[in-house]
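Okay, got some structures for you below.
You will see two complexes here that share chain A, one where it goes with chain B and one where it goes with chain C.
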Partner chain A sequence: MTESLRSVSIHVPVLARVEGEGALDLRIDNGEIAELRLRIFEPPRFFEKFLEGHLYSEIPDMVARICGICPVAYQATAAQALEKLFGVELDPWARDMRRVFYCGEWIQSHSLHIHLLAAPDFFGCSNAIELARIAPEEVRRGLRIQALGNELMDLFGARSVHPVGVRIGGFHAAPALSRIKEMRDKLRAALPEAEALVRWAARIPVPQDDQGFVSVAMRHPDGYAIEQGRIGVSDGARIEAEAFDDHFAEHHEPFSTALFCTYHKRPYLVGPLARLNLNHAQLPEAIKALLAETGLELPSRNLFHSLAARAVEILLALHEALRLLENYRPPDSPWVPVTPRAGVAIGCTEAPRGLLWHRYEMDDDGRVVSARIVPPTSQNQGRIEEDLRLSLLNFGLDQPDDALRLHCEKVIRNYDPCISCATHFLRMRVART
Partner chain B sequence: MNASASPPAAAKPRVAVHKFSSCDGCQLAFLNLGEDLLTLADRVDLVHFAEAGPLDPDTEVDVAFIEGSVYTPEDMERIQRIRRHSRLLIAIGACAVSGGIQALRNSADGGDWVAQIYAHPEAIDSLEHSTPIAQHVKVDFELWGCPVNGPQMLAVVNSLLLGVTPSDNADKVCTECKRRSLTCVMVSRGVACMGPVTRAACGALCPSLGRDCYGCYGPAAQANTDALAARFTHLGLDPRAIVQRFRSINSQAPVFLAAADKLRKHND
Partner chain C sequence: MNRVCIVGVGSPSGDDQAGWLTVDALLDLGIRSGDGVVIEKLDRPGSALIPLLRSTAWLIVVDAMQGEGEAGQIQRFDETGWPHYGHGLSSHGLGVIDALMLAGELGSLPPRLDLYGIEIAGTTPGSSPGRAIRAAATRLAAMISDQLASGFSIPPGTQPGYG
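Right after this comes the complex of A and B.
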């Protein structure tokens, strides 16, 4: 190789359009990847430590602060875990409305990711404001859908960032029927917009990048799993949340502040594409028909289908919210009383970015003795590295450095790494010898 | 935001949004504006906003919005650099104005948290304390809230566009309950509400759902924490629970910190 002695390094101080801070070190020796490391260095905020000693009733408000984009996931998972430990049977109204509330977050977070973070890459734009110049209707539609997701969260939580409506045992209050009627009209009006979004997302040309990987997502016999279910794996395994530690292990790499999580020592995928891969048969018929029309085949082994997967899940969430609000009647009481009990509380749900698992050891007074939280991004971290390695080989290591960097960024954004729970910039250094 | 004719490009203020240690929730006040986000992008020149795309962290700006607290040695250096390049620097949200929920570590009783979570503690570059921006550089305006909301942020942006000093409501949440004609949850149902000592601007969201305010907007002006703590005792809260009422989202805000310390000494 004529250039075998040349050493190139590129510094990109911040990776745009991810929510956090990280760095990628790539060393290419003689046309082969000698080193590839994704480093995450968002300063840790030690949530698990400072929850200790706090009362169960404070937990939903505290864990929301882990992530401004997916606070409902943290609240719903903590509530599910504690309600199970305390032997609380939720009123059917509260059970349904938890799912509706969660749908709001999927709609908001997915639409934000598609339009503001991911799509610009595929149109040669560096951000959504540029994208809005060439695709104004599509960006505006996306922002409207995102706003509707926020409104749905508002309805139950009074605000969409760190909502205040969830309490252990249900909700603090129930929205009046008049507000639900207005929301139903808006959801109905949004259906054709979301269908158009799915068509648009499925038409965006993406690299063909066929990879073998393990998908992990919750599954539920009654429907597309969001706020409850067991953990399903694409190898056929079904795992109770309580048995998480028997199959999954977290370990710390010295170059990162996020813990890496593996499934039987292998990296795995969580998030929208993993969910669709495992649960697409449970999509409503109308969405299946639309999928057939777009030609998106499931299960998919191409992570670049993640953007379309998010669009499909927006449409699903709109359908679910409408279905559950159809015969809405305010309950006698939005919550049931709770008596704390000592023991271990374990819960898991599907955050917008994937499986979220919580474990709390509680004392007799209902105070936290210890806490452990496994967010989606630390579960995807090993998979992102594996994907980068395979995807770069597929893309061609002889490509110019700038093209390699852009490709790596696209790959990483497929996972929508929610970086407050794990990371914050990407500094990329390519060294070639 | 009402879109009037866009100012010419040269006259557009240059705006940066920087993130420090945080949950990203306060910058969502911009990203969740819906279609107004495009109007905003038309009226100001967003030159650095990593989460939205534009990157130019060291460029000169008219206004820098800072989300998050200072929590690493690199943060300490970065905030100095930003200050030098910014005509106005505005701290937004609890992390930036009081150190945020992660500042609960500041008052924790000993123990090496890093070693308890990470197998390689030497690799974790974190400061012992999470501190507000104003502890490191001059801050021109502080906006409280966890999170700050869209109307608050747009009011600041619009004030700056009009060339007036942003205004600020340091009154108590109770005043917002009265304005909304909400029944007082503490008087009517004995709920231990932080509203009487907490800063307004959220719109009394928690009492509107019949629950307690938990102080996420930080201390109000002239907050009588002694009287509220005494009231909490009458309502049956144990001393530890009362301390924790002040030790939550804004635990290092001086008024809440003093209240918690005083109660703690009293309990000992």
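Right after this comes the complex of A and C.
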């Protein structure tokens, strides 16, 4: 009893090895959480402001620079928004290849997160190098899958980091059939590896947690939504991208330079587990059978199933890329002409980390008047804090400080926040009162 | 299995272009990708460095470093003396040393690995590299070119592996 009423202050001043800068403050007074803040103090990047005045044709390459891990998401969302405003009907080839391109990004980003960032937590390892010591085959397999994702991005983007293949109206170029044939062989060869990855990921012992939360992900009647669809919510709501502001609101907290986004004033989850929770019925039958074999039940209320969800989406992305490349023929032209017009362009896709929403106000010449981008991490920020509270209560506030810190880190990394390209906190200061 | 892979790591931020400048200087000296040689500029490759080690017998990596020396100073490290570093130089989780250590755990390192660091000063985004960095890149390229000309041998019994 005495132990449960202790007061603890855990301050993690810098999230080390991160893409971006953040920190965690946790104070427990008399056995209750008195303060819990995920602080993001990286200076604002003003990216939306940079876009103002630029021509529509420059936007895909500019927004690709927002993220080194998920540039395709930014390109595809901007292109979708502007093409909708300009009344562009994509060639079916370009529409399919946008999805293939996106699949490459899901494969590389998810594999990176599983093997290099999240999995070490569940094996008592402090990093991927230690994990490679005890699970070398699994790490090698992960690196192979990640490299294949990069190769797929390179095929359509000319390079995998900050690719430059997308243009408004399609792609700048179409890969030759010979390169597609090589890629198909590689994708086929990767299928059994990805199936083994799903089995492995589902067997990883994770904390048992049970939380009620709102899942938000795009949905599409024709298949598992990636690059198009409407916004779906686990409460049954279906929302057009244009109506985003009627349901979601961003607000500023003084301790964070990233905006917090809420759904009718409640935190919500975006990302692989939210997608799988809402769209698992649309998985290919082979993947459903594999899921049944693993025993992973959906929808899941345990956020620690996010790692397995990423593995499932890797397998899905391989299936999708193969399906769409099966009858590949280079098009007469990889793009259609575009005539800009003034108005408001809104787009929405599923980045590896979750829903990504763009809004552009354009002038008659096709230049950006104003831009607004809502990335997945700002949407998950409130949910991460909520998860930390619930998860810590479930874990037990009377646990040793080191265990509490590690548990907090696990919870945060589980979301693969974009501020965190990496894994572990650098320093922790514990003060007792 | 006797490929030489030369990698210049960098970014467009001032002196951080040291690795790229070294590759440029090697190209000026006539070193080109072709039979048995791969020469590349990479921008913070992370784990993507590891697939490059496949079929590589000799890996040469040039990267910017911030140590105790003056800007432009060149240091060579072999596997027994890789520099330790704190966080702050790479905003990405997996730096060059991390990637090489991971490759080491996976048994993927080539038989010969030369890691060169060029001491840098400023890394302001968009700025030009300093004169000392340009000179160091030229010196290092000449040194690497001489080594390539004199050839190398793989120690008996060691074969590079890649999983």
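Quick note on the criterion: the second predicted complex is superposed on the first by the 401 of 433 C-alpha atoms of A that agree within 3 Å, B and C clash if a C-alpha of one lies under 4 Å from a C-alpha of the other, contacts with A are read in each partner's own complex, and residues count from 1 in each chain.
In this text, a residue touches a chain if its C-beta (ideal position, glycine included) is under 8 Å from a C-beta of that chain, and two chains touch if they have at least 3 such contacts.
Because the structure is predicted, anything quoted here is derived from the model rather than measured.
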A:Glu137 touches, of chain B and chain C: first, second, both or neither? second
Chain B versus chain C as contact partner of A:Glu182, first or second or both or neither: neither
Per-residue contact with chain A, leading partner among chain C and chain B: B
Chain B versus chain C as contact partner of A:Asp363, first or second or both or neither: neither
Touching partner for A:Leu112 - first (chain B), second (chain C), both, neither: both
A:Ser126 touches, of chain B and chain C: first, second, both or neither? first
Chain B/chain C common contact set on chain A: 14, 16-20, 68, 112, 116-117, 127-129, 132, 139-140, 143-144, 146-147, 150, 160-161, 420
In the complex, chain C residues that touch chain A: 43-44, 46-48, 50-51, 87, 91-94, 98, 101-102, 105-107, 163
Of all residues in chain A, those that touch chain C in their complex: 14, 16-20, 68, 112, 116-117, 127-129, 132-133, 136-137, 139-140, 143-144, 146-147, 150, 160-161, 420-423, 426
Residues of chain B that touch chain A when the two form their complex: 19, 21-29, 31-32, 34-35, 37-38, 41, 46, 50-55, 57, 71-72, 75, 100-102, 104-105, 108, 111, 113-114, 116-120, 122-126, 130, 146-147, 149, 202, 205-206, 208-211, 214, 216, 240-241, 244, 248-249
Chain B contact footprint on chain A (complex, rising order): 13-20, 41-50, 53-55, 58, 61-62, 65-69, 71, 108, 112, 116-117, 120, 126-130, 132, 139-140, 143-144, 146-147, 150, 158-162, 164-165, 167, 172-173, 251-257, 259, 419-420, 424-425
